[in-house]
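Read through the structure below, which is laid out as structure tokens, and then see the notes.
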Amino acid sequence: MIYKEIGKVLENKALIKDSIYLITIDLQNIAKEALPGQFVEIKTGDLPLLRKPISIFDVDKNNGLVSLLYQVRGKGTKNLSGFKSGEYIDIIGPLGNGFTIDKKEQEILLVGGGIGIAPLYYLGKELKSKGNSLKFILGYSCKDESYAVDFFRQVAEVEISTMDGSLGCKGHVGRIVEKLDISKVTAIYACGPEPMLKYLKKFEQEVDLELSLEAYMGCGLGACISCVCEKTDGSYARVCKDGPVFKGKEISFNE
Amino acid sequence: MNKLHCDLGKLILKNPVTVASGTFGSGKEFKDFYDLSQLGGIMVKGTTLLPRRGNQPQRLVETAGGVINSIGLANGGVDDFLNNILPEAKDYGTAIIVNISGDTTDDYGRMAEKLSVPGVAALEVNISCPNVKHGGIAFGTVPDMAREVATMVKNNTDLPVIMKLSPNVTNIAEMGAAVESGGADIISMINTLIGMAIDIKNRKPIIKHIMGGYSGPPIKPVALRMVYQVYKTVKIPIIGMGGIMNTEDAIEFIMAGASAVSVGTANFVDPYTPLNIIQGLNKYVEENGLSSYKEIIGAVHR
Amino acid sequence: MNKLHCDLGKLILKNPVTVASGTFGSGKEFKDFYDLSQLGGIMVKGTTLLPRRGNQPQRLVETAGGVINSIGLANGGVDDFLNNILPEAKDYGTAIIVNISGDTTDDYGRMAEKLSVPGVAALEVNISCPNVKHGGIAFGTVPDMAREVATMVKNNTDLPVIMKLSPNVTNIAEMGAAVESGGADIISMINTLIGMAIDIKNRKPIIKHIMGGYSGPPIKPVALRMVYQVYKTVKIPIIGMGGIMNTEDAIEFIMAGASAVSVGTANFVDPYTPLNIIQGLNKYVEENGLSSYKEIIGAVHR
Amino acid sequence: MIYKEIGKVLENKALIKDSIYLITIDLQNIAKEALPGQFVEIKTGDLPLLRKPISIFDVDKNNGLVSLLYQVRGKGTKNLSGFKSGEYIDIIGPLGNGFTIDKKEQEILLVGGGIGIAPLYYLGKELKSKGNSLKFILGYSCKDESYAVDFFRQVAEVEISTMDGSLGCKGHVGRIVEKLDISKVTAIYACGPEPMLKYLKKFEQEVDLELSLEAYMGCGLGACISCVCEKTDGSYARVCKDGPVFKGKEISFNE
């Protein structure tokens, strides 16, 4: 079930000033049904006209709260960062399919690049509660632009790479993955920039690879067919409805 | 009495508020929000004779307070519609209006024939697409081609035929007259303006297909003007659309000459827009002591 | 070297940023804000052979994030321009480009002749107005009529002739080709889209003249698309306009194919817009290591 | 000289909640040159696109302050009411001609209807300083919607009319004017709704009648010729540049 809710903002705090924010919103219905890897569509103001898709970072089912981790990029996310505690915000969700979470006692890598780490926290919590053994691999541009690491640390072991080497391993997250003994890993779940996802595709045979994609969205509901990505069979799939999570094998990054 | 009862000649709707083709899927995607039977009608997303993959992404972008799209008529084809979509849609309790596009005049005829089945309330004929037999010139930009399509569809169906006008023409009244003389029962208007947006970082059009259809609030003044002009010229009813976001917008279109309206891009912004407008029109009719919303159709012409 | 030096064939401007006709008067009204010599050029407000009172008010309204106007070419006539406006304007230190409108092809010829005097840098020919000898159809909507006007003006002046295209046509490329073949030296585009807004309280059009010209940010996607199409078709340079509010907008137009730009409605919002854009272009050229802004003219076509 | 200034808001207070506001802005250049009856053009936000014309209510030349009295009607004035002390606002002015103030020791009526009272305060102060004897006649819809009366009382005698009679004389301001001995009055200056101005036109022969008009404006600078009113000779005048103040005789209210 998809809901349109006008939720009260409980907190909207900068993790990095003018750049990375964590917002928590009272969204009773959405919280009830939200699955890891799903996202919401937010009306951030009069303009931009379109809603903005943001992944679900965390859910507090007991209290009906949804948290979102977001990066200010343009007008929409800038508007979002302006919401204050006590104000109300218009949100549609939960949307999309989400990651496969019926896994038990497996060894799973959760790989995130930049703001793509957002959906991995709630995902990690769910997978851990089912007895899986996890490792987060998080990529940032540099130490000063790293964030939310402590959240992930509370769930499982975290390894970090930065492009400039100022924190953790130098280079993109692949630098870490390639050093691991992948033979014990049964699944890799990832979200982040396309080059990172493309890189991970090389593990599509060895592990259950699931990739969360981004695409420019109109409706977010599967109706307008604007947010497509190309599948291996040459057909198009809707990122908002058929995704945002796809099996690595399904997706071709040709276009 | 239902003061929003909407009589478009051969097509009767429970109210004059429909949803525009391409912005509402087949309705299914909006079912979680509300009971679709409250709508005047659903213009189903553009259907073609054969399945189409559609254009390469990026297919859509917001610009200048509106939206540019170039979906390329991605759809499963008319048989898929009949087998997989209509069986569910016909039970929504609202008029299912199928929006059809063809590469040739014959395509339109064959689709009209195939779609003349119970459950389909009317055909909306999209003529903004290129005529492959005429160097890719859009059917909707040449009066004779538009008239021919209208006649072809009429000859292949008993359903009410709605001809959907393209705004990318010099003389919209002439286009209205052409489709009326071709036998159209109703005119819907406007389809999208052709627009473009450029990514100055990459020095490329943002939309992969270069140009796309521009919709949303910014096109409303053009749409209103065209409804006004076509109302002056034709006798058949008009379904008005183009940037309708709220009740006031809908009333502007009705006063310009529309007998019904269609909500497009606004469905992305707030899926409840059509319901809000139905409610708003009911309130307007009450507050102004009208016996029917019809009293204000074309009001600015008086 | 001046990296914004702008070469439009017969017309050389110190930079590619001009102000659009009808939005800047003759310049006088903006003199308090800054030294007009900084501008690439001023398209003076529309001038006609004889004085015109213009249309009844209300002449202008904001709608949908843009503006609709129907001024009706209110102006003192060409003699008033020559006697009372030009003597002051020619000392502004920028190119004075006179925007002319006629009721007939002959009118254009007579105005071109009269205006071929020192101090006038070029003529910009507005063909969005009705041809009274052809049932009021706008010159700019029929290729042959537009071509004739171009030729008539060319035959009556040695000044560079800028033909200003109307966007209210089916095929803008065809119009571009027509005026080029008629002898135009430069094309400027786009003039306003025809739009309408309705006062639902009074059930009347807000603009007394019913319809008006729609300008500002909402028309930018249409304008960009048309510049793109005309650039593909013609060899003469294009001056792009339509909703330009800032440097990024100007760069979009240049990348679409414009060799210069014109700032219109934005002058009402912030009179400093043209200067901000000149500054912004200078910065852009520096930051991108260009030897001239010309390197990005038509960049999206490559 | 016309200036574009980014002025600091000193105060923006509601005289009637959500309806009538008085804003005071630090505008050094505009304050220096502003004349009674002139107006400013305000950029109230991203949208509306156009600036909004508002009359100058008061000027503090010593401190470089300009005050505006305004009524919330649509989006522009609503935005204006949202400015807080310390924020900056983008204003162009002073614009237009203003009332004739080189009068001395005359008997002058200053007639205002609704928000049209705004330009009369500064005007009254200037005329009084030149030794003229003044009377304000202010029209409101009702007692609860009357405002700013105390300002005017500090300058000169005030008579009030309200449409419902809840304060002062019942009816429009004409009810008051017609009871006065007009023979001693040498000038009437007025601003307000068109019916009021039309009514006052009947005094155009007996007194110096000056009327401040409104018209929908594009540029506010005299450039776009959109804000015209019809003159008695059938020509059009620009309200923003040739006005907003016109001699009563000059103006026809035919259109």
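Labels for the chains are A, B, C and D, by order of writing; each one numbers its residues from 1.
Note that in this section a contact is a pair of C-beta atoms (placed from the backbone, for glycine too) under 8 Å apart; a residue touches a chain by one contact, two chains touch by 3 or more.
Bear in mind the structure is a predicted one, so any value in this text is a computation, not a measurement.
Between chain B and chain D, the least number of touch steps comes to 2. Mean C-alpha position of chain B lies 34 Å from that of chain C. In this assembly, the C-alpha centroid of chain A lies 36 Å from the C-alpha centroid of chain B.
Look at where the CA atoms of chain A average out and do the same for chain D: the two points lie 56 Å apart. One simple way to say how far apart two chains are is to compare their mean CA positions; for chain A and chain C this gives 48 Å. Shown for chain A are the residues that touch two or more other chains, namely 47.
Among all residues of chain B, those that touch two or more other chains are 65-66, 217. If you sketch which chains touch which, the chains form one closed loop in which each chain touches exactly two neighbours.
The set of touching chain pairs reads A-B, A-D, B-C, C-D, using the touch definition from the header. Per the touch definition, chain B reaches chain A in the complex via residues 22-25, 29-30, 32-33, 45, 53-54, 56-62, 65-67, 69, 71, 74-75, 216-217, 265, 267-272.
Residues of chain C touching chain B in their complex: 63-66, 68, 141, 168-171, 193-198, 200, 203-205, 210-211, 214, 217-222, 224-225, 228, 243, 248, 251-252, 255-256, 296, 299-300, 302. Only residues 1-4, 43, 47-51, 90, 92, 215-229, 234-236, 241, 255 of chain D touch chain C when the two sit together in their complex. Taken together, the chain D residues at the contact with chain A in this complex read 46-47.
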